[in-house]
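As structure tokens, the structure follows; a few thoughts come after it.
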Amino acid sequence: MVTQVAEQEQVVYERPRSLVDVPTHYCPGCTHGTAHRIIAEIIDELGIREQTILVASVGCSVFAYNYFDVDACEAAHGRAPAMATGVKRVSPDKFVFTYQGDGDLASIGAGEVIHVAARGEKITTIFINNAIYGMTGGQMAPTSLIGQKTTSSPFGRDSDLAGYPMQMAELLSVLPGTAYSVRRSLHDARHVIQAKKAIRIAFKAQLLGLGYSIVELLSSCPINWGMTPEESLKWVKEAMIPVYPLGDYKVADELKALTKKGRR
Amino acid sequence: MVTQVAEQEQVVYERPRSLVDVPTHYCPGCTHGTAHRIIAEIIDELGIREQTILVASVGCSVFAYNYFDVDACEAAHGRAPAMATGVKRVSPDKFVFTYQGDGDLASIGAGEVIHVAARGEKITTIFINNAIYGMTGGQMAPTSLIGQKTTSSPFGRDSDLAGYPMQMAELLSVLPGTAYSVRRSLHDARHVIQAKKAIRIAFKAQLLGLGYSIVELLSSCPINWGMTPEESLKWVKEAMIPVYPLGDYKVADELKALTKKGRR
Amino acid sequence: MPKQLLKGNIAIAEAAIRAGCEAYFGYPITPQTELLEHMSRRMIELDRVFLQAESEVAAVNMVYGAAVTGARAMTSSSSPGISLMQEGFSYIAGSEVPAVVVDIMRGGPGLGNIQPSQGDYNQVTKSAGHGDFHPIVLAPSNIQEAIDLTVLAFDLAEKYRTLVFMVADGAIGQMMEPAELPPMRPLQDRRPEWALTGAHSREKNKISSIYMGAEELEAFNLKLQEKLALIERIEIRYDEQYIDGAELVIVAFGTAARVAQSATMLMREAGLPVGLFRPITLWPFPERQLAQIAKKAKGILVVEMNAGQMLHDVRAAVGPDIPVAFLGRMGGSIPMPDEVEERARALLAQMREPENYLLQESGNGHPSR
Amino acid sequence: MPKQLLKGNIAIAEAAIRAGCEAYFGYPITPQTELLEHMSRRMIELDRVFLQAESEVAAVNMVYGAAVTGARAMTSSSSPGISLMQEGFSYIAGSEVPAVVVDIMRGGPGLGNIQPSQGDYNQVTKSAGHGDFHPIVLAPSNIQEAIDLTVLAFDLAEKYRTLVFMVADGAIGQMMEPAELPPMRPLQDRRPEWALTGAHSREKNKISSIYMGAEELEAFNLKLQEKLALIERIEIRYDEQYIDGAELVIVAFGTAARVAQSATMLMREAGLPVGLFRPITLWPFPERQLAQIAKKAKGILVVEMNAGQMLHDVRAAVGPDIPVAFLGRMGGSIPMPDEVEERARALLAQMREPENYLLQESGNGHPSR
Amino acid sequence: METSIIIAGFGGQGVLFAGQLLAYAGMKVGKHVTWIPSYGPEMRGGTANCTVIISDDVIGAPLVAQPDVAIALNSPSFEKYEPLVKEKGLLVVNSSIITEKSQRLDLETVYLPANSIAEEAGTIKMLNVAAIGAMLSRRPVLELEVVQATLVEHMSKKKAQLVEANLRVLKRGYEAGSLVAA
Amino acid sequence: METSIIIAGFGGQGVLFAGQLLAYAGMKVGKHVTWIPSYGPEMRGGTANCTVIISDDVIGAPLVAQPDVAIALNSPSFEKYEPLVKEKGLLVVNSSIITEKSQRLDLETVYLPANSIAEEAGTIKMLNVAAIGAMLSRRPVLELEVVQATLVEHMSKKKAQLVEANLRVLKRGYEAGSLVAA
Amino acid sequence: MAKGRIVIDVERCKGCELCREACPKDVLIIAEQLNSKGYRPAILLDPEHDCTGCALCAVVCPDGCITVYRNIVKKEARVHAQAVT
Amino acid sequence: MAKGRIVIDVERCKGCELCREACPKDVLIIAEQLNSKGYRPAILLDPEHDCTGCALCAVVCPDGCITVYRNIVKKEARVHAQAVT
């Protein structure tokens, strides 16, 4: 369906250079893909592709290292922050980021992420909170909502037995080594744009050597939620945001300026 | 040196029943001993000795199970909260507490303690913060102070390389499953008495089934700090308290009453 | 109970429940997850303990906690998760409490993949953690056996106050077969007297794996070794098929044994002198039994879904006098019956002209393909 | 360099530094801690990377992270910590990056104690994690050798892009002996081309242990097994003493070998035909070399500080034709030379009246005392 | 006698249920059966498949390199399994969405417009049942009646109202199968 | 010739340094030496000890069941090691704080008031050096001069001003050792 | 003449319909025929040439299938900026 | 006659001196001779019978070596209460 391109036309949106030109394995409508795209857009924009090292994690994003056109490795489940610490400590001039799901970061990896924040490791984490374990087929995550039915909480999450949703952006903001900790959502265009802004600032936090930065992104899992992509985004907006308020929980003074004046 | 006891005399202080009558292996002046004593006093006072199960941890308190006259087990390093979860889940009618050092709880065991707090496990933790690894001979702990010289931070803890002191009482108070999270100190009689008050409330929190309770106790390590017992308590007061402010960080409403009116 | 069409993971979970499992702690991992999922429903319905732990490290230590109170506790995982549980296993062994662990093995090393494998043989039989101990390791090769061995696992764990593993590969975890579940057992009405139940009108109980003095720890280890020796004497289990007159004996366990069985049947029908020896306890390994059989045979073919791990135990058992060949598939590939038959026929041929034999024998444990 | 009186842990740390170690990540644990402590001073002085990790799990994954960038990285721990690193080891093996690990073994299982032990033999040689792989395992028996093997460890790790262990017991970690340190090597000036250094004017590099398809993962495993086979062919190291004319050959490694050596010397002086065979690489195990020696001897005595772990490899190597006895101490007890001598003399005597022999032979791997 | 059947298609095409239907039916008449799904990343988006073995005696491997029967419900499956089917084996092709044709002369091939048949006699979702019907017409491993009875027993209660439709689709698939020229 | 020496006492009594002093001295004159401390929980409060072996050829085990020499600086050490010393071995007892006497007739025993000697000639902390002196007087494994030289070399700089005192204490210990009746 | 135009990579499209949802002008529909992956891709249906090239569809597309073109008209530069920022 | 009196378990005492520090009346001193553990224990030196039985020494003793006795005098009950609470 290629059509003539008129002279005066200009491209106002296209796939970012830092995304490899292959189809992803993500389910239709899964916003993991959206997160990938905006991260790649920022890598392009900041011109750091050739100095970036991605530490992928274990979850549906396990193949992220195939999708980003940057040097990449694959950590053990939950250990991406530790692995990224190893990478960064011996390569301080590189830009190092982890991409982790909520099972990976909040459950098995809670200790490691707490400690990179406590140490103020100069790395960045993009944290995909979809309130469930996607890869393994929809079990309860520490981020699942009270009452949420999953394949391992068939009667709905009962706080008496399974505890309460973990608000990681808030928790990590308490630690002194954290330079930037915010929560955004991917449920519509406006929020995607805001998420992208936050990612830019988080990346800059590392480039400025300010410490640990993390952006929590509320994301969808249509398949395991048993919803259509459209219903999923509605659920993010109406069910998740009330439990996971969007906002800035820690912003180092050096970054305040950036958050203010718009796009750059 | 037994002397005649006059008729009208009364005993106003003696070793608690719940402490086994053996000498401890703790170094002279180490306030681990003080913590043991006041815990045992509360166990006696609440009359729960026969329903108590202690989950000891790995640290200088590794032999705590020899000192408390209660059923006890010994967890792997850092895993006391997980082990206590296993104990409590199958014995909901028992009183279960862990006794952990700062290396055990804040370093290797950070993930497990975060999760008992997130789940609101009905267990209690007595957390001994002595800003160092005692058992292994004085290495840096996540709680060591900036500039503190230890056998693994010979030039003093440098936050650029080794991060910042972790304030666990504050961190754990953020999690919804935590019913009670406070910090006390053992550096003088007045504070020991306050610490004992806090332990009483923490224990009641569990007995009332309110969720997870933890009392962080600032403690001394004369041997590894290279100080006399007396200097050590001074250091707790003057160096540690400024970094680890004493206070109540989370007190469930049901407990507010207890904190108010004095002793019982 | 009538037979039902049951999925391996679910059959094991339900069998554990009927065997009186009071507490399950686990963490999701393919290809084991349905086991945890079944527990998440049934244990809650039965008002028993189910908890999805934050990690495998936490899960095994929760099991340890439940076990010291004398409760029947279990966990399940797959290869990477089993690696994370090693310290916990060692503590459980060091404090002699009963516990049951199910390992539905997948392809390794590392993240590898989630396809069927037998790559954890050494990890579970030789070293489930630091220090000198062995868990009892049971290896079913069909769903019915998986059910029966699950029940046995709890009984052995309690009888010897030891760690018992049941290991199967992803294929057994994922497949469905008709099988019969055992009746529901009543839960134990009270806890053993060594257990932690509160020092109520008795001396306190202590459970730990610490023995600071070298002498005490050695004494404990000697006691532990005696127990293991006893288990080696009386708990060995294995299965034989077509062994009479078998010149070539195929040795395999789990899914590999099913495959070998198909091949063996076909070859026997074709009149070839082939038999099958299937260890059911991987530890203790049926060393003497296999040695006996080897005496009568002319050659051995070990078939595994790994690089040749049980192979070492087979070699040690049968000695150098009889040639041992190896057929191994790795990374989630399952050997096919014709593959086994082809190899077996070749070996039988070679037995007639032994001189070529050495050429054909696979190196020490490495797949010949 | 002149000889210095050096403590094992510190000698190993300093040797690693001089071998060009760029990054150390570890967690304190007795009897290994001085190694970490030395690193905490020297690495910082040299402006290299030292980081006390929050746990052994984190430490091994930090090493993994440093290793994928091509940096010379290492960690060290003791038994319980080594158990916690198993998943990480498996990932490192699965992605073929070089890394060095020091295990100063202590008494197990569980928390056990902190006294010298060789109880991790199986864990490091047979199964350092899930899946099919073996690290190279070096076992020094004195401080000088510990230094030399540390340097070798880094070279082998890089040469084969593999995991290399150096295992010693607490005695070697804690004792002081005169030894010579190697000269300081310059750090490598640039990273290998497979390493992650940023996709600058080249295609991106990917390092992972995932091979989703069974075929791919099997292909990888075959490649890995070939590499291991190569190592088995050319990297075997061992030491012999008084082997000529030895009727009884004592087999031991590490501290047990030192003890055996004292005993052997004394017995030789007394004119008894005793020799010592000391494996230096525990994996690959000097199977053929030992088999050769066994051919000429009448009996074997294996001495270990565990329940008889290397014993299995010795048995497999020498076969059933020669009797193999075992002397093992556990839980931190170190066998004493006279103990070994006593046992050896008894065995020599029995060799003259073989009929009693079997009675005397210790069961499979369990200490006879 | 042992028959191995591979059923493959997109995630949504009811591949696993179709396989279980056969396994349950086989069990009903006392045969040995195994059912094993492909599992794992294929779960995401891609294709799913399962292998069913129905046999008169004990079944060894639950998986086969070369199935006696392959039912391909989409093109990727056709491409993957068409070459693997045993000589003289049966290949059922969902011609509604698979345009390719098999070049193998050693196979018995049925081109079944499963989607349309299902849509006509029931709902498009039942295309899997249609394919099963067609297969049974060519390989009477099990009697149609047995499969029908099994269908009735095993359709989850909430789907009960769909049973009739499924039976119709099964029948039509069976008929179509026997008609369609090889 | 191989001599094994165990030195034991309270944590603060300089047991480990005393052992290293001998090891360094042995090394200085080209002998084979090993030094190994007790480590671990004894660290807490309790007693410490170390084993030194000085030999003309390669040393096997760094630990011995029965030492040639035992230097007991406190009662627990006396109780633990007095029975273990080899026949005809040497036992040095810090009589300043050890009241017990050895019942063994097969030993050479020196009761040395180490605390008082140290306090007189230097500071009480140097009691370990006094004991070494006494031992050397009975077991000339090493020349006194060598040990003196080693002491000078190895006393950490900041303690330099104490060297003289230590040398005095060493000498007095040596003299006392040769005087005190066995 | 439309202000904008989009090109959808139909082979990569998974038919999640999020772009259709996002489009303020309703110029996107889901095709009848499947692509080779078995999905029904989104396609541009723009009879009245309503596409403004606002790029909202591209912003929400999880699979980065959409390229957006627009005729340069001063006053719109801002819109665009904001849209892709 | 003193208001109070303490008994110290000298064999358990480790001579840390914390009780001496805590005592408002300075009636505790450290003994010259070592106990069997090699520690110099604290002992009660109370010539002027100054010990009030306030129990502060016992409250700070890490090793629970001190038992405190006091003559019952109404008005002091409160002090005690507060002291041990």
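So that you can tell them apart, the chains are marked A, B, C, D, E, F, G and H in the order they are listed, and the count of residues begins at 1 in each.
Operating definition for what follows: a residue touches a chain if its C-beta (ideal position, glycine included) is under 8 Å from a C-beta of that chain, and two chains touch if they have at least 3 such contacts.
Because the structure is a prediction, the values reported are computed rather than measured.
Student: Quickly list, by label, the chains bordering both chain C and chain H.
Tutor: The shared contacts of chain C and chain H, listed by label, come to B.
Student: By the touch rule set out at the top, what is the minimum number of steps from chain A to chain H?
Tutor: Graph distance in the chain contact network comes out at 2.
Student: Ranked by contacting C-beta pairs, which pair of chains comes out on top?
Tutor: So the chains sharing the most C-beta contacts are C-D.
Student: Please flag the chain sitting at the greatest distance from chain G, going by CA centroids.
Tutor: Farthest from chain G by mean C-alpha position: F.
Student: Where the centres are mean C-alpha positions, what is the separation of chain C from chain D, in Å?
Tutor: 28
Student: Just give me the whole-number Å value for how far the CA centre of chain B lies from that of chain H.
Tutor: Centres of chain B and chain H (C-alpha means) sit 25 Å apart.
Student: Centre to centre, by mean C-alpha position, how many angstrom separate chain B and chain E?
Tutor: 64
Student: Using CA atom averages as chain centres, what separation in Å is found between chain D and chain G?
Tutor: The separation of the two C-alpha centroids amounts to 61 Å.
Student: Among the residues of chain D, pick out those that touch two or more other chains and give their numbers.
Tutor: Answer for chain D, listing residues that touch two or more other chains: 30, 51, 54-55, 57, 80, 87, 91, 95, 110-111, 113, 115, 208-210, 212.
Student: What are the residues of chain A that contact at least two other chains?
Tutor: 26-28, 62, 74, 76, 107-108, 110-112, 115, 137, 142, 162
Student: Name the residues of chain F that each touch 2 or more other chains.
Tutor: 40-41, 45
Student: In the complex, go through chain H and note every residue touching chain B.
Tutor: 4-5, 7-8, 10-12, 14-18, 21-22, 37, 39, 43, 53, 55-56, 58-64, 66-72, 80-85
Student: Contact residues on chain D for chain A in the complex?
Tutor: Counting only chain D, the residues touching chain A are 22-23, 25, 49, 51, 53-55, 57-59, 61-69, 71, 73, 87-88, 91, 95, 196-201, 204-210.
Student: Please name which positions on chain G make contact with chain E in the complex.
Tutor: Per the touch definition, chain G meets chain E at residues 14, 34, 36-38.
Student: What residues of chain F sit close enough to touch chain H in their complex?
Tutor: Against chain H, the touching part of chain F is residues 10, 45, 74-76, 97.
Student: Which bits of chain A are touching chain G when the two form their complex?
Tutor: Going through chain A, the ones touching chain G are 1-3, 5-6, 8-16, 19, 23-24, 26-34, 36-37, 41, 188-189, 192-193, 196-197, 222, 228-230, 233, 262-263.
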